[in-house]
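This is the structure I have questions about; it appears just below.
Chain lettering (A, B and C) follows the sequence in which the chains are written, and residue indices restart at 1 in each chain.
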Amino acid sequence: MRIEAQNLGWREIVQGVSCEIRPGETFGLVGPNGSGKSTLLRLLAGLMPRAAGEVRLDGVPLAQLSRRQIAQRVALVEQFADTGEALSVRDAVELGRTPWLSPLSPFGPEDTQIVERALAAVGMEEMAARAWATLSGGERQRVHIARALAQEPRVLILDEPTNHLDIHHQLALLGLVAGLPVTVVMALHDLNQAMMCDRLGVMSEGRMVACGPPAEVLTTDTLARIFRVRAQPMIDPSDGSTLFRFLPMEPSP
Amino acid sequence: MPILPLIHRRTLRVALMAAPLVATLPALAQTAYPLHLSNCGVDLTFEAAPQSVVSVGQAATEILYALDLGDRVLGTSVWFSSVLPQFEAVNASVPRLADNDPSFESVVSLRPGLVAVQYEWHIGPQGIVATREQFADLGIPTYTLPSDCVGKDNSTGSDGTRLDLYSMDSLYQGIEELAQIFDVPERGTAMVAALREREAAAIAAAEALALEDASAVFWFSSAEMDIDPYVAGQGGAPAYMMQALGLRNVVESNEEWPVVAWETIARANPSVIVLARMDRRRFEADDIERKLEFLRTDPVASQMEAVREGRIVILDAHGMDPSIRNIDALETLSAALAGFDLQ
Amino acid sequence: MTRRAALSALAVPVLAHAGLGAVLLALAVLVGVTIGEVALPLGLVGDLLAVKLLGAERALDPIDAGILWSYRLPRTLVAAACGAGLALSGVVLQALVRNALADPYLLGVSAGAGAGAVAVTLLGLGGGAIGLSAGAFGGAASAFLIVALLAKAAGGGPAQLVLAGIAGSQLFNALTSFFIAKSANAEQARGLMFWLLGNLSGVRWPDVSLALPVVGLGFLVCLAHVRPLDAFSFGSGAAASLGIAVRRVQLVLIAAVTLMTATLVSLVGSIGFVGLVIPHAMRFLVGPRHARLIPASALAGAVFLIAADIASRVLIPGQVVPIGVVTALVGAPGFALILIRNRRRS
């Protein structure tokens, strides 16, 4: 599904962002803390009240869709989503079916299969009966992603999905996301992981200052200007991919 | 014991004959100060008659007026209904501190020689105006009508709980003690004698009816029209009236004004229903017309014998609280009973 | 299997549960009607039902029959409606506010009802045209309005609603005390406090015809929103991303809660702890999913309040204990358990 953003804005946090995300691509959003990444993701999901600008999904303005229709197309996994309810893992993932159910089409066997697949995709099928309160941070993150998958979206929006995850699950998750037949938009903290995306958008002070393939966008100059680090590009001889080693900026003479 | 008063009385009579021109009778008509009284658990000593008084409670106010002490009253408070017609003139010249509870300071600032109290609820161990100690600390004595403490526990029940049946004697005691404190004992004696006479006449009239198994309920009011009503319990002034006139109270609680379900009252099926008439309009059921309408229209209450036979008596509400109005109420009720077919 | 087949497969257990619930409720009502301050002949209930429902001809004592039909049956039905409505309100608010300690009175509804009732009775507001109940309803609704506006002005989050509710409750409780202090006529302690603690003794058939439709409507509204309520588990943001029209759902559900609570408070006074304890007890029994929690809480609330009403009539022979006292006696320890359970969880 193609996403077009035109002149998106919300208060001072995000200003005049326009970009196009192509069907099926994995689009990464990078930028320092407070640069407006999370707000932009919520804007793309149509969740901010009184937003400026317009978002189109395959040419249809978001404003013309009901919340339920949006949720059938777009799933969002936010950071820090927690609950005090005594839900099980399966309960939490089943919530993903919400936009597809109604009093006349209750939860059925098809839905059960979708939920099972979503649980398996994040490796949580063995823990389906566990209570939410007993899960670790990483396990909770995987359940949230399973819930988003159960939503069967065509656009998956993830806000720093690798947070809380150990390195094994970080890589497994990024591999899973890359293999999904859906458009993925995710904010990422780790710039080396961002290098795996098809394209990147760089946020700074509420504006998207660069957009394009990682190698074009993440230049040492950009990294110094936006992220205030000295980046040392290195080549992995095994596959020829570029990695960065980050060093503090040298004090100006 | 009987000898001394006899001698005393004879001496008095001799004195009377011997000095027919003396206007006052020192031995009877004057209080011997210092006067010691035990009043509701507090020992009081008066070196002389107080020159002024503030009353907290309508019953206390009306007793002071009845003792012709209106000119000593600096202020009144806690009014339940309009003042008795015979005291309207004197009451008009006395400032009313508050319709309801006066503040401690408003009482104290008048520097009264005495505070006369109807209910411990206002001035007493848990008094909402103050405790008696607080007044005593400022050198202001307080006198509580014994009708609120003799045989009564004010620490339980919303209006206190009667341990013994209320008796007019506690009220008479209050009248006589107030008269003594103010150095007008003969007025107290005369007033009590008159009240006793009326009380006895009302009782005798009811006895003549030879009531057998007649019962009654006193309905004061209800917080809402259909809700369980406040009715007179065993032991208060209404209970005394019922007992004196040969009526059985169908309510068995010892609280002054317990809340009892209509189903209990209807099932007990009293032969007479007494309703309180009042100026207060806090609840819909304060209005006597609304009480009567309820009895006529409620599907269950309307089936009670007293309602179907029209045996309903209306009494002044303040006459159901311990006060000199009890005798008016007793007379009204006794007269009403004579008009009912209660055999 | 198609969705329609899934629907009919679902219908069987749902109908079975609904039937079981109806039987339980009917039993509770029967017990509630039978037990009271005065003992009535046991056969009377059967005789009365035969006369009223089947049109049979039996000679019944008018007072005994009246007590059953005109006093106890409406009282028991309103107790059931009241328990169900308060429990439902508790479930909904706890889900929307995401606070385990939320209950209908959190919104200041009870305090507002008290102030409204006192304003009408003591200040003569409305010149006698407005009854105590109408005053209570007006007070409850306006208190909630004020609390909602304050919460919105403070940022609109769940924590703000709780704090605004506390502020609103304090304000309206203070108003009640002020009105009482200002009242023109002295009297002893007898009075409004009894009503404020909850009282079902004045309930008659007209109250039934108000309480049952309002709670029935509230129940249907809640039942129609079981999935949105589930979706609020992870907050309103998560609910929105699951396709819930958050504003509309919040508005509809809070309106339903306010209507139910204000109506019930105006009919029977404020009865605390039902809305707090019943939902938590039911979460413990049937789990946190609202498809089960909503009907279970409604049923448990109804049965609990009928039981509490019976207890209030028989606890002290010949005298009625305010039902709010009975529910608090059960509710306060329940409340303590919730606190302890919450601590263990976090």
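Assume a residue touches a chain if its C-beta (ideal position, glycine included) is under 8 Å from a C-beta of that chain, and two chains touch if they have at least 3 such contacts.
Being a predicted model, the structure only gives us computed values, none of them experimental.
Peer 1: With chains as vertices and touches as edges, which is it: line, ring, star, complete or other?
Peer 2: Shape = line; chains linked end to end, path left open.
Peer 1: Can you tell me which chain pair comes out on top for contact count?
Peer 2: B-C
Peer 1: Averaged over CA atoms, how far is the centre of chain B from the centre of chain C? Could you give it in whole Å?
Peer 2: 43
Peer 1: I'd like to verify one number: the distance from the centre of chain A to the centre of chain B, where each centre is the average of its C-alpha atoms, in whole angstrom.
Peer 2: 82
Peer 1: Considering only the defined contacts, which chain B positions touch chain C in the complex?
Peer 2: Within the complex, chain B touches chain C at residues 58, 77-80, 99-101, 119, 121, 158-159, 220, 222-228, 230, 252-253, 256-264, 266-267, 269, 279-284, 298-300, 303-304.
Peer 1: Within the complex, which stretch of chain C touches chain B?
Peer 2: For chain C paired with chain B, touching residues are 36-38, 62-64, 66-67, 69-72, 121-122, 124, 131-133, 181, 183-195, 199, 201-204, 313, 318-320.
Peer 1: In their complex, what parts of chain A are in touch with chain C?
Peer 2: 42, 45, 47, 66-72, 74-76, 78, 81-87, 91-92, 95-96, 98-99, 101, 103-110, 133, 151
Peer 1: Enumerate the contact residues on chain C facing chain A in the complex.
Peer 2: Touching chain A from chain C are residues 1-3, 5-7, 10, 98, 100, 224, 227-228, 230-231, 233-235, 237-238, 240-246, 283, 287-289, 342, 345.
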